[in-house]
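By letter and in written order, the chains are A, B, C and D; residue numbering begins at 1 in each of them.
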Amino acid sequence: MMSLSDTATPRTATSPDWDLFRRRGKSILVHCIVLGLVAIMLLPLVYMVMMSFKTSTEIAQDPLGLPDSLYWGNYMAALSSMGYVRSVLNSMGITISVIVVVVFSGAMAAYPLARLQNRISRVIVMVMALGLATPNFVTITPIYVIFRDLGLLDSYLGIVLAFAALKLPLAVFFYTSFIAAIPIELEEAARLDNCNNWQIFWHVIRPLLAPVTATLSLFVMIMVWNDFIYPLLLLTDKDKLTVMIAVYKFVGNTGIDPTKLFPAAVLGSLPLLLMFAVFQRKIMAGATAGAVK
Amino acid sequence: MRARLSLYWFTVPALLVIGLFFIHPILLTWNMSLTNFAGIGEAKDVGWRNYERIFTRDRYLQEIWLTLWYTVIVVSALTVTGLFFAAMLHRLPLIRNFSRAALYTPAMMSFVVVGYIWQFLYSPLNGGINVALRDLGLGAWEQNWLGDPALALYSVAFTQIWMFTGFTCAIFLAGFAGIPEEIGEAGRLEGATSWQRFRYLELPLLGPSITVSVMLTTIGTLKTFELPFILTKGGPDGATRLLSIDIIDNLFGQYKFGFASALSIVMLVIVLVVAFLQNKVLRDRENA
Amino acid sequence: MIRNLSAVTLTAVLMASTAGAQTVLDVVAWKGNEAEPAGLPELIEKFEAANPDIEVDLTYVARKDVDKVIPPRLQGGNPPDVTMVDSSLVDLWGGAGFLNDLGTGSAWYDRMVPAVREVMTTDGEIRVFPLEVIGMGNFVNMDLMAKAGIDKAPVTLDELKAACQALAAQGIAPMIFAGGFPAMLFVGANGIDPNGVSPAEYGSGERTFVEDENFNAALDGVRDLVAAECFDPELQAGLDPWATAPQEFRSGNVAILPQGAWNIGNFSSVEGLTFQFAPMPSRYTDKGLALDLVGPGWAIPRDAEHAEAARKWVDFFAEEENLTVFLKAEGAYSPYTGGVSTMPDLAAPYTQARAEGSLILWPFSTLEFPKALQSEWEDSITGFLLNIDKPNEDTLQRWDDTVEDSM
Amino acid sequence: MAELALTNAIKRYGATQVIHGVDLQVDDGDFCVFVGPSGCGKSTLLRMIAGLEETSDGRMTIGGRDVTHADPARRGVAMVFQTYALYPHMTVRENMSFGLKIGGTEKSEITRKVDAAAQILKLQDYMDRKPKALSGGQRQRVAIGRAIVRQPDVFLFDEPLSNLDAELRVEMRVEIAKLHKQLGATMIYVTHDQVEAMTMADKIVVLRDGRIEQAGAPVTLYEDPDNLFVAGFIGSPRMNFFDGTVTRVEAGRAHVSLPRLGGVEVPVAVTEVPGEGQAVKLGLRPEHFEPDGGIRAELTIDVIENLGGVSYAYSSSDADDHPVIVELRGKSRPNEGGRLAVGFDPSSALLFDSETGRRIR
């Protein structure tokens, strides 16, 4: 018998049914509380959707009440003037292209930064940090001049690159920490198999980046989808404009009318939310992998 | 070694894009900050005068403090709310995915839309919040949310916190997922309560997620201008005038591009310094 | 997945199409959108029918985004062919040489209302074709007034105070008075004597606000309104003059809203809302004071690609029948003499005050007050409302400081 | 210290049942080992005992207390995880103190207990290190130490040695056995390695597909398995099984003819009488072959494994899933590819029902 057993804590017995009841009850209660809190967090959005279905008089008389009937007039008015399908397709095309550029050039740039620790890496990382820290509204005029000189105005290519530049620093940071966590043995094995740098990147590193890519894509998606200054500045052809521009047409210079803005806002955000819903599992799996280094 | 250095070719596309469309404009901004540029036409060199003005006037120093204070409020609140929801949802796998997506939804809306939603919620007369309080019999709690100078900054901050709680929650949930399950189980067997497991086991192990989340939210909040711009335009009477609001006002309200550029450079330096210090402190803490 | 994505990118990049053979007239305006159509869709159709070789491409850019989007294009030598401008933009862009002189020899130049002509002409050049003059005053909900036993929109201070008391007695919120804009209208209408000192004297620092009897009296006038229960001053700071305040009026929750006539169209579309647009009660007149804002106009940038077509566009608007379409939709007055009335009946009180010469041009729209003063007014009047008992000089001194700063 | 009893313990995940009504009694101070192939439910069962998995149905008592739905911490159990589950941000001392600290034990008391445990496990020199600065064996010891200081009624081990190399594994095996003697505590130990089970256990519980196949002392399981599965699982090298047919039953013996061994007939003593012509399997452990046994046959040998003291001869044929393994002890070794004359005593043979796998005794 060991010597340290003299003061073992006494363990009290309780009824097993009570144990079960207590655990189940607590679990149900906690689920309810958390779901309740989540619901409260969603209330402002519900408020917006409700307003979008109301008439002005309804908003006045009962700001919190449910709309008497679903008043689709607001939506019809919004839809008819948004050029909806075309602008949504433009937004999607630009968003996806930006994701491709950011993902490729970001992952490629991160590979050497993650593997080589020397002065060059540090300088490049500094440059990226500078990009991350800059408020982007100050660079509007220079950007325009550069675009004009390069003949990139009013082209999808131009706006894609401009957006890509905004999110690339973040992408490089994400990928750098993620690649650093990939065991170097994988690469060494590939080198023994006679792979060159590019082949290692392409066949060994790239396939492992899927999770963090999903997270990053979400960030890019949200930013590109909701930004409207770049499209206004860099695109002039109306057929190229994005959906958020169509939404902001409902923000007047001298006021906004909730029965006009909110239906448009709902329509404008809907495709993004749907894409999110469809990819949510993948994206969240990515978020999981992304932050763990 | 040469084979390794040739890896740097991989950075060329990214550096080209960033250099051309980001770093180059920043340098131009720096040049502009030494002029009296009005956004258009010729700019005249004014040397350091813009910077002199920033650092000799109380107004801008106050704005810097206000910006930092706002950031402290938002970032700490976001960290707490994000941790709270993540810790809860980590323990409730049944509703985890749904809740995470639901919480993330506000962050997917555009700032302008969110700003106007809350404008209507905060309205002192028939705004959603005051009406709800009235309906719940809590009429005494009604507030002039955006009109009371003592309250406005916190109301704006609250909106920002509401918007990004899902964002920090997702980052922390990822961190939780990275903690081996056995750690929590070992803790349970040793009699640690839910709170004790969180406090002594999970929180210390969430270090990297906390670093990522705090850095990203800090940088984002320091630069933010959209919500205060739409909700209060810096008002009432300057109570929410963040540095970024003044930059926008100088740029587009008064067409003082040169001066606004100088303010932007100051802000850039602040962001870099804060980010650097944070990174150092947080990483040290992680490695301790 | 990545491979699919790159295919999409390629398609997206290739989608960039080339322009047609016709002249495409690139017009930028902050009107013509859903919120403020201003008759532009109709006018464009008519213009294109008259000029089959020209296709108008109107881009809506909100006023505050114009500041971000157009200067780079002007600077970059790639401006729109025609752009909407207001007086501060004319001053800034024109002053930097980016706008064409439209020529003081034009027929429409001679027809322009003298006061407007005087304001818009700089260095002997006219760089803008003014489109409209918009009234600013009180929107009055006549149904709510009727409930308080009043059948006429108040145009004097006494009428206003009496109306407030009667409305308040009925439990109706009498007035919106947010510092950001509505309160400014009242302060301006009671501080600027239409027959007295020119606003330019304040704006140039010749005359200080703090020692000015008129502006001191204007702030005292605000206190009188508070005493008459027109509004709770502290509550007003929480209202956004452009979003929640108009919504309160639109919804029939408040009887009086100081705002611009540009809301007429918007408010008229609300079913069951009966309202009038009246001039601002002022201590200088018993007719109410019309506050005319010199509105936007068309300008042709120096580097416009299709300057000739742009000229046609401007001349098109110079024809009275066309301008009338625009003005009617806007609820605005013509900046040119002669011409038919374009205002709806509900604006009769305002039109009448105007016709009787009880009128000032809003000094911010004529640049008689510097631009920086506007945001200082917004801030300081809000501050004044939050602490209504503090001495007037606390508020007025800030204005003088701002004027001094911006010189 | 206490005994553990499970009554009809069931675990369901939604509609899927993974543990099917387990009844089990572990006596106070016993060292009980759960074995079985991966996926058999042994870890799940252990985690149910720990309270980490909810028990869907049935009862569970420790020392007479019903703990079926009790919180893990209140069951009086401590667990050593396969991955050790050491808290990476705490030193060895902090790791071992944590549970006591949470329980509100006095500081001096904690120090005393932790030091005592450290001494038992020879960890004194590492107390201020963090887990990442320890070797695998040391980490294992810390994990055990963490369990010891809490003086649980029941120790639970979840494959604790599977992350160690072979040499360390043997060493730790001995140490855990020693510890068991020293503490005299009830221990439950999960492994898929039947050697560990045989060497350490007082009682082995063989699990398959969420059911107990057989529970008992190692020797019982080895010598007297209840069914084909246990017979095949326990013992290394595994038992040989020969397909056969019962030709006749007389005088308490079933005569079984084995085609694989050239059709020899083996008389096996039985109490229950199988039908004539019934398909059976005859089990024979490799060490039961002896040159001078009563039954003689010949096998073609294709591989010989020489382990020094003993050798194993393997004889494959196309009809078999597994080669027949024969243990050789003498100096005379057959050539690979050659023929080997074997014999065995029919009393060492076990008889199983081919269809149900049940032992025919």
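Going forward, contacts are C-beta pairs under 8 Å (C-beta built on N, C-alpha and C of every residue); 3 or more make two chains touch, one makes a residue touch a chain.
What you see is a predicted model, and the numbers here were worked out from it, not measured in a lab.
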Worksheet item: Relative to the centroid of every protein C-alpha atom displayed, which chain's own C-alpha centroid is closest?
Response: A
Discussion item. Let me spell it out: compute each chain's centre from its C-alpha atoms, then which one is farthest from chain A's centre?
Written reply: D
Practice prompt. Between chain C and chain D, tell me the centre distance in angstrom, where each centre is the average of that chain's C-alpha atoms.
Written response: 88
Fill in: chain A-chain D separation of Cα centroids, rounded to whole Å
51
Item to complete: Could you tell me the distance, in whole angstrom, between the mean C-alpha positions of chain B and chain D?
Response: 57
Worksheet item: Taking each chain's centre as the mean of its CA atoms, how far is chain B from chain C in angstrom?
Response: 35
Worksheet entry | Multi-partner residues of chain D (at least 2 other chains) | 71, 74, 103
Worksheet item: Multi-chain contacts in chain A: which residues touch at least two other chains?
Response: 60, 101, 104, 137, 141, 143, 228, 248, 251, 256, 258
Worksheet entry | Contacts with two or more other chains, residues of chain C listed in rising order | 64, 68, 71, 75, 243, 247-248, 251, 253
Worksheet item: Can the chain contact pattern be summarised as a line, a ring, a star, a complete graph, or none of these (other)?
Response: other
Worksheet item: If you go through all the chains, which pairs of them touch?
Response: A-B, A-C, A-D, B-C, B-D
Worksheet item: Which residues, counting only chain C, touch chain A once they are in their complex?
Response: 2, 5-6, 8-9, 11-13, 15-17, 26, 30-31, 33-36, 57, 59-65, 68-69, 71-73, 75-78, 80, 241-243, 246-248, 250-253, 259-260, 262-263, 266, 270-273
Worksheet item: Which residues of chain B touch chain A in their complex?
Response: 3-8, 10-11, 13-15, 17-26, 28-29, 39, 85, 88-89, 91-92, 94-95, 97, 99-114, 116-118, 120-121, 126-128, 131-132, 135, 162, 165-166, 170-171, 173-175, 177-178, 208-209, 212-213, 219, 223, 225, 244, 247-248, 251, 257, 260-261, 264, 267-268, 271-272, 275
Item to complete: Note which residues of chain B are touching chain D in the complex, please.
Response: 180, 182-183, 185-193, 196, 200-201, 204-205
Worksheet entry | Residue numbers on chain B that touch chain C, as the complex places them | 38-42, 116, 119-120, 122-127, 144-149, 231, 233-238, 249, 251-255
Worksheet, complete the sentence: Within their complex, chain D touches chain A through residues 54, 59, 63-71, 74-76, 103, 105, 109, 112-113, 116-117, 120, 148-149, 151, 153, 182-184
